[in-house]
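Presented sequentially are two complexes of chain A, the first with chain B as partner and the second with chain C.
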Partner chain A sequence: MDYPLIVDVFFVLLATLAVVSGWRVFATDSMVRASFFLLVSFIAVGVIMILLAAEYLGVAMFFMMAVEMMVMAIFMVMFMMNPAGLNPMMMVHQHKFSIAAGAAVFLVLATVALLAEFPDSPLPADLDPVASLGDELLGDSMLIFESAGIVLLTTMIGVVVLSSHRGRYGAADEGSMPPGLVPGGDPAGMPEEDDEGDGHHHCH
Partner chain B sequence: MIVSELILPVALVIGVLVVGAYLVAVLDEAIAGAIGMPRGGSAWLAPLTQGAWLLTQHANATEAPDWQAWRLAPALYLALAAIGLAVVPFSPTLIPTDLVTSVVLWGSVEALATVVIFLHGWSANTLLALIGAYRYVALGLSYILISMFVLIGVALPAESLQFSQVVTSQEGLWNVIRQPLGLPLFLIVGLGMTFWGPLNLADSRDLAGGTASAVSGPPRLVWNLARAAMLVAFSGAAASAFLGGWLGPWLPGPVWMLLKMLAVLAVLLLIGRLVPRLQPERCVTLMWVVFLPLSFVDLIWAGAAAFFL
Partner chain C sequence: MTLVTLLLLAAALIGIGFYGALSQQSFVMLMMGLELILNGVMLAAVAFWALSGAGAPEGQLLTIVVMAVMAIEMAMGFALVVAVFRTNQADVTEGITELKH
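This part shows the complex of A and B:
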């Protein structure tokens, strides 16, 4: 294959960046930093994909991972007892199992990389990667990708409905109560209260 | 070959960014003066004076900041502005980087800007900067989707994800007329990604400067410069996507392009001075309930127009 030496130089630099930032994900002490080290690692891989002439997939990697890591950092901060993600925390757990699993996966992948027979079919120079990817997505594999797309869309709508400020039974900041079975009646489906009270629940 | 493929594009991008950022500051100052805001000195000198003053100031330190991220964030934001401008075509031949997926790369710049602005506020380890950072994420995640749909809309008639093809596809009719919802929605994205004027949720006055509240000296200068530079890069993307880029009679292509960028900047800066800042909760509601559905309408419109015309 005929390409300038600078491509090799950039590949080595980017591969090193991807591996080192990938290692930093586990060595750092903060959820936010870990997310963004992972983002750096993915960006380095994205640039390598552009070097491999996968121009759409490489660039798509940038924005997919940027949004994804941002959302992941926010969700981790929301779910952990760690105010705003500022407190230091250990980013790894189950050390022995993780080390064994990591070593095993590395061995398998390295074996595949070394022993597999990779196809040697150079692409024509005038191949348009974006158009051929579009043909694949909306051609023979359309059913698979569209099904996955619909599932993802359903998930997203579900998440928005679940986390919406305006819930089914009122605004989130007012506290919500299901409506009664009869107009003005007690909220339906509530557990029996065993502490003292007049039996009439507070409802809007 | 080195000159045409490396030095010329880099010089072009840096030149346009620096001169453009200066003009943004001057225009903003002039608009503020014209609508009667108190200001001192000449609009041409004020940005330079302020820049020189910041350069001589001490860079502030907070208690236990994330130093690397805090110092890198302004530089990364500036670098993103440069990457964004690097895919904007100035004429059929004068294109710093003619990537076949340049529209997608512009989308990535918008997404990565969210990360960098969040990091700027988060890493300072102070309250108001942190609130600004989290507010910005809410805004950033809202405008990215609008931007995606609007940009897919301009890619449809061009049948390409390349800005130069998008410009060529507007030879008959500019996208600003062909897709009337596109440019207004895209301007909202521009105000969002530079958190300018009505969408200044990150560095707003009610947070005493938000993500930049604890930043002084040279890092503050880089941050201010990067915001203005991002506005310039955005005006380049908007001019190519909706105003026909280099297309126009009599004048040479690059001149048309610069004029259109200036027009977009003037509109954005006017909006920035005239429209009050939105409350964060209302802003997010407005984005998801009004502007996002409008961007669907824009995309359907663009698809129908590309199909039937």
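This part shows the complex of A and C:
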């Protein structure tokens, strides 16, 4: 299927943006910036989806990723020791193996893309992508769609159970000690105390 | 914009995500790698739907399912980060070499 030149130009720009920002996610010092780079990568892919006439999926991608990356940025600030990237930092392990594995995955998939012969059957001219997706979701594939909803509900319950402060066998942070500064070393601080300051008495 | 270039882009995203998921120490960064992999998968699914599948609606349905998987991965990942942080006060993968609690 031939696209007009302007679509090709946009595709090249968006593809470059998606790959470069995807790479910057793991190359920037700031964890918050990393989540926004990931958001840029997702939005570029969402625009490419819209160029491919999948308008509903592209727009759904924008909404979903905008919220998801904000949650990710908040979690970064909550948990990271260095969320703003004030000190240069590279927190990686098995680095060379990872680079080789990532390159190998790309090469294998690229070989498949270049050598395999896929059927060339573009969208019919009279197809309404959004209407056909809606018919499918609430028609033949309704069971799959509803199952996804049930799985999401199960996930919500599981997440509440997992992250509850009161664990299954007592308090979730009982006996919790910070990790050592060096592997196997002394804990780098004291066990977590209750947040209440002096003058508060607990009534257990 | 042809099927081959779209699949090459998807392969690049999956490769970068694979590198990130294997190399990052921070749990949240590790999840970003997994997200990038799913990003490439969704792009490949839409590309096949639009250029090779004659607009069969199951192609779009597959992308919706991958989106649901992505949401589940995020939610469970963050819950596990919270649970690990409660027991170890750490958010790096090295913090749970001994799963004692």
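Rule of thumb we're sticking to: the second predicted complex is superposed on the first by the 141 of 204 C-alpha atoms of A that agree within 3 Å, B and C clash if a C-alpha of one lies under 4 Å from a C-alpha of the other, contacts with A are read in each partner's own complex, and residues count from 1 in each chain.
Following the convention adopted for this analysis, a residue touches a chain if its C-beta (ideal position, glycine included) is under 8 Å from a C-beta of that chain, and two chains touch if they have at least 3 such contacts.
Because the structure is a prediction, the values reported are computed rather than measured.
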* Is the number of chain A residues in contact higher for chain B or for chain C? -> C
* If you stack the two complexes on chain A, which partner ends up touching A:71: first (chain B), second (chain C), both, or neither? -> both
* Asked: Now for A:36: first (chain B), second (chain C), both, or neither, which partner does it touch?
  -> first
* Have a look at where A:49 lands relative to chain B and chain C in the superposition and call it first, second, both or neither. => second
* Asked: Looking at the overlay, does A:8 come into contact with chain B only (first), chain C only (second), both, or neither?
  -> second
* Asked: Just chain B (first), just chain C (second), both, or neither: which does A:60 touch?
  -> both
* Structure fact -> On chain A, the footprints of chain B and chain C overlap at residues 56, 60, 71, 129
* Structure fact -> Listed in rising order, chain B residues that touch chain A in their complex are 66, 69, 99-101, 104-105, 107-108, 110-112, 114-115, 118-119, 122, 125, 130, 134, 137, 140-141, 144, 160-161
* Structure fact -> Listed in rising order, chain A residues that touch chain C in their complex are 1, 3, 7-8, 11, 15, 18-19, 22-23, 25-26, 31, 34-35, 38, 41-42, 45, 48-49, 51-54, 56-57, 60-61, 64, 68, 71-72, 75-76, 79-80, 91-95, 97-99, 101-103, 105-106, 109-110, 112-114, 118-124, 127, 129, 132-133, 135-137, 141, 144-145, 148, 151-152, 155-156, 158-159, 162-163, 165, 167, 172-173, 175-179, 183, 189, 192
* Interface residues, chain C side, partner chain A - complex -> 1, 3-20, 22-29, 31-33, 35-36, 39, 42-43, 46-55, 57-58, 60-61, 63-65, 67-68, 70-72, 74-76, 78-83, 85-95, 101
* Asked: Inside the complex, what are the residues of chain A that reach chain B?
  -> 30, 32-33, 36, 39, 55-56, 59-60, 62-63, 66-67, 69-71, 73-74, 84-86, 128-130
